[in-house]
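Got a structure here, written out as structure tokens. Questions coming.
Labels run A, B, C and D following the written order; every chain starts at residue 1.
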Amino acid sequence: MKKFVFSTIAILFLISAGRVTAGDISVGSVTPLTGKLAVYGEGFQQAMLLAADEINAAGGIKGNSFKIVFEDNNSTSKGSVSAIRKLITIDKLPLIFGPASSSNFLAVCPIAEDNKIVLLAAESAAASISKCGSYVFRVFPSDLLQGVGVAELTKSLGYKEVVLTYVNNDWGVGLAEVFKTEFTAAGGKIIDELPHAEGKTDYRSEILRMKSQHPKAIVNLTYIKEGATILKQAYEMGLKVQWLMGSASKSAKLIDLAGKASEGVIGTYPTFSQETPQYKSFKAAWEKKYPGKKTPVFGEYNYDMVKLTALALESASSNSSDDIREALLKVSKGYIGTTGDKSFDENGDVNASYGQWTIKDGKISDYK
Amino acid sequence: MDYLYHILIIALIYSIFAQSLNLELGFTGLYNFGHIAFFGIGAYASALLSLSGVPIPVAALIAIGLAGIAGAFLALPTLRLSGDYFGIATLVFAEMVHLLFLNERDITRGPMGLPNIPRPDWIGTGVTSLPLLLAVVFFAAAVTFILLRIITNSPFGRSLKVIREDEFVAQALGKNTFLIKTKAIVTGSAFAGLAGVLWAHYITYISPSDFTLQETILVLLCIVLGGKGTHWGPVIGAFSIIFFAEFIRFIPIPSEYTRFVAPLQGMIYGFILVIMMLKRPQGLISESRGQRTTNA
Amino acid sequence: MTGYYTQLIVNGIVAGSIYALFAVGLAMVYGVFKFINFSHGELITWGGYLALMFSSPPIALPLYLAVIPALLLTVGIGLAQDCFVFRPLRQSNPISILIASIGLSYLLRNGIRLFWGSDLQSFNLPLSTGIIFGDIYITRIQILMVLSALLFFSILYFLLTRTLLGKSLRAVSDNIELSSIMGINMRKVTWTIWILASVFAGSGGILLALDTSLDPMMGMNSLIKAFAAVLLGGAGNIWGALVGGLFIGITENLSVAFISPDYKDFISYGLIFILLLIKPRGFFGIAGGVR
Amino acid sequence: MLLKLDGITAGYGREPVLTDISMHVEQGEIICIIGPNGAGKSTALRTIAGQLIPTRGEVRFKEKNISAMSIAQRGERGLVFIPQGMNIFPNLTIIENLEVAGTLLNDKHKLSHAIKEVLEKYPVLNKKQHSFARELSGGERQLLALSRSILLKPDLVLLDEPSLGLAPIVVDMIFDQIIEIGKSGSSVLLVEQNARKGLSISHRGYVLELGRNRLTGTGQELLESDEVRQLYLGG
């Protein structure tokens, strides 16, 4: 028994040695490469790698090559905790990119804070992340902003009464709460409110219940898969309403899955102009590195996160996390990435403006 | 070093969890496939109580008690069922508990989970807390081990084994098998609750997705692999499985293949379960050997 | 408003007829071999995914043809389950068989994840609004589902009551020892049971996948529903499974009108719980008592 | 000689239930095995039927060693076993029971003839042919079980406790049927708790005690034997 434990530990350390070569400047990343979020994780990873390649092509950081050590978190909070502990202790990295999904991110927050490790998020939106601590930053706007955005969109389209449905997880519930407060405060009425479970294949009962309220518009805060399934089944069941959605379902994949049922959907998204030189160069670089692949959901944010990190590492006076933290705050001021202004406020949050998207003729376009 | 502490803590918590299921499954022959529910009840109860200001030791004790009571709640109606029906009933029970965690949002915050679960002041939250935490968890695991060993070696423990071998014989010997089985489930659930309490205050964040069928299968695997109905079996099983899972991290796998890791791991776990049943149903250490260690 | 309830009931009938298809195999295996096969759910999932594989590139058979090799392979998996796991374990204690079936289910489910990933998949069928009867919408696939269930049940009924093989099967589920004394060919009956269980589960899986989409957990979720159906209707009668399935389907769909859809699954789980309490001896084989 | 047991030792676990049992059955005979509870009567029958493989000794049927054959193989050779208690399929109809019972015939045409014969012989069954067997009375069930001997026309019928749980008047009817079976050309080897009744219709009998041969003789001899009288017939 003892022997077994010790030999296992010995093997663990033997293998781990030499993963971070001298002369590299490395940061860690807890990424969902397996499990239910793996669909997204792959895209995040590709976007981050794209940024890393560019940094290295431009001479690396202070003459050293830049490297990201990826750790899988199995899309679970347990896996995230294990992964970040490993990155902190074994790889001794001062800066780590946190896991996607707010619940997993919230699980690692205290660990980063305790260990004084800089933690960055590129796609975790929960409002409570703002309160995580001084070492936690995110380049993605908080739900607070997005919830307000959807409420404003609904009002601006003239809908006074809506049915609200949302995916029953941390993200969906958080967003729905903000929307509800905003919308009702502005005199709107929510006729019926129903969460839908994540990852189901049959939402007909839920749709029927929405349909029974005869709404003119339904606010559906959900993901791609769930969104597509709902749109499809609603179409089959003859439910004709104006669908209002959030940013997480804004994807070409939604159109692939739902086909003509997705036609006419209007949604909001934290906008950034696709006309900026930053975005154009990102787009070009992406198409060069991953020809034929669509840019992934939140890919731009991951890309910006890595780029911003490199800048901070370059200007930091040492490789300690405190110095990096200082540098990060400094370089972010006025930094314009592909996704716009990334200046961190005192909570480590960024501001964003919200745009509106719609699906027309099988294509995502801006709604005007 | 704290990565190692972390793995040891997790392995010890799982060993407590596995031992608690072993009492039911290994020693008494009750196929409880919903054991994760009690782990979850312990975790949620302790987290919610301590978040609302109850001192942590008190919260923990109440949580363990609640898990035990929930065990009784499950046992009373379902114990009359024969083996596989009991299995289904427990599985369904766990799914129902999971749905409650997920949807009783006013209490559990639903899928948002419970962040910032406190730890006792003397343990603290920083890196320095890890050795202390390890000591606490080790102490809990040792207490569990010793208590369960005392229980299973007592006359009560022997009754459990008689029930496992032949319930009718046990009844013929004048034993109140229903009461004995209920006690076994309540004890097992309380220890699962203990594991859950430790988990909640260690990770400091829990959400419903931590308590699913997947975890039940993992802990079932720990027991079957180590040797059900033995004292060391679940401990060895838990350490093997947790270390194996962490070990995989260190295998350099090109990123385009990482998506195959988790399914392969799952297939290996499933395969081990099947092969163990076919070739070595008693597990790595068999019950008689376990007995010898006991007497030594 | 009545349209709302009628629509819920129609949806319940559709869901229920599929649950019933799953229930039959589960109950038949239980009836003869006396164990609950947790990996029955994986036959459902594999049926669906295999049909997807044969109907998409590079094989790209038309769907109605793709069903054939898909079902054949599902039957292969079913027979392999028996051959490599359950037959060697037939004399072991029940807990070993149960754990083995859980292990097998986990193995097969992760096999799906390995080959097809955890992501939702779907047959990209052309989308169309359902056929409208009054204010009830029903899609062609849904009609197909109900009709297939009826067809399968009729075939099963014919088999069990009109053929010697079917009667032998019922005899075996009644009394396995007496059957061997009578000289019934056990191997033939065993094969028949696994083939029937696999075909029913596989076809149900394909239909379910056509109607909605595929994900690796679909089998496990349906298995619990099927179990509820068997418990409810299982007076040892195939019609019991059908009625049980329909009841579960309708109840859980109707429940959405009154409680949060999140608790939809809670209904069938709760029903299992209550049913087990009412009849703790559970159900008998599906094959007995058909006339 | 139709059946011959030679020094049979058999049992379920390590301890043998039968030790060195020998007996034989001739063509056309009705033979009854009696003995107290636990004497090994049913075990002996199961060993002959093929449910148990003897650890020592031989079962010879029609001059051939059948010890290693399966029940079905023995059945095809003309050795039919009708067990005690649950010897019909309650959830099958009468007709279906007969069809399944005739599995060993392996011939549809012959089977339908044989079934017709049974139904003619037992009008009670004919009347209820489409009812489930679970709806039959105890005596009717026993008749249904016995009808296998008519269906298969075996050389030897092994009957385990045919009178079990039946009312006395029904028992008489069943024993009349057993005599009929004997007359129709099948030999019968039966195990019977009701020793007086069993021996009264038998040509010969064997008395077992603690798994060993104790006595043997003609039915009449045994009925009159003081030992048997004292032991099993209540003085």
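Worth pointing out:
Throughout what follows, contacts are C-beta pairs under 8 Å (C-beta built on N, C-alpha and C of every residue); 3 or more make two chains touch, one makes a residue touch a chain.
Just so it is clear, the structure is predicted and the values come from calculations on it, not from any experiment.
Touching subunit A and subunit B together: C. Interface comparison, B-C versus A-C: the pair with the greater number of contacting C-beta pairs is B-C.
Using the average of C-alpha coordinates as each chain's centre, A ends up farthest from subunit D. If each chain is reduced to the average of its C-alpha atoms, the one that sits nearest the average of all protein C-alpha atoms is C. With centres set at the average Cα position, the gap from subunit A to subunit D is 78 Å.
Per-chain Cα centroids separate subunit B from subunit C by 31 Å. Rounded to a whole number, the gap between the C-alpha centres of subunit A and subunit C is 38 angstrom. Rounded to whole angstrom, the centroid-to-centroid distance between subunit C and subunit D, based on C-alpha atoms, equals 42 Å. Among all residues of subunit A, those that touch two or more other chains are 35, 38, 168, 195. Of all residues in subunit D, none touches two or more other chains.
For subunit C, residues touching at least two other chains, in rising order: 117-118, 260, 262.
Chains touching one another form the pairs A-B, A-C, B-C, C-D. Residue ranges on subunit D touching subunit C, taken from their complex, read 49, 51, 71-72, 75-76, 81, 83, 86-93, 96, 99-101, 103-104, 130, 132, 148.
In the complex of the two chains, the subunit A residues touching subunit B come out as 1, 4-5, 8-9, 11-12, 15-16, 19, 33-35, 38, 42, 45, 49, 70-72, 74, 76-78, 81-83, 85-86, 88-90, 102-103, 106-107, 109-110, 114-115, 126, 128, 168-170, 172-174, 195, 198.
Considering their complex, residues 35-36, 38-39, 168, 194-197, 199, 201-202, 204-206, 208-209, 211-212, 225, 229, 232-233, 235-238, 257-261 of subunit A touch subunit C. Interface residues of subunit B, counted against subunit C in their complex, comprise 25, 29, 31, 33, 77-78, 80-85, 87-89, 91-93, 95-96, 99, 102-103, 213, 217, 220, 224, 259-260, 262-267, 269-274, 276-278, 281.
Of all the residues in subunit C, the ones that touch subunit A in their complex are 1, 4, 7-8, 11, 15, 117-120, 122, 124, 127-130, 132, 137, 139, 208, 211-215, 217-218, 252-253, 256-257, 260-262, 264.
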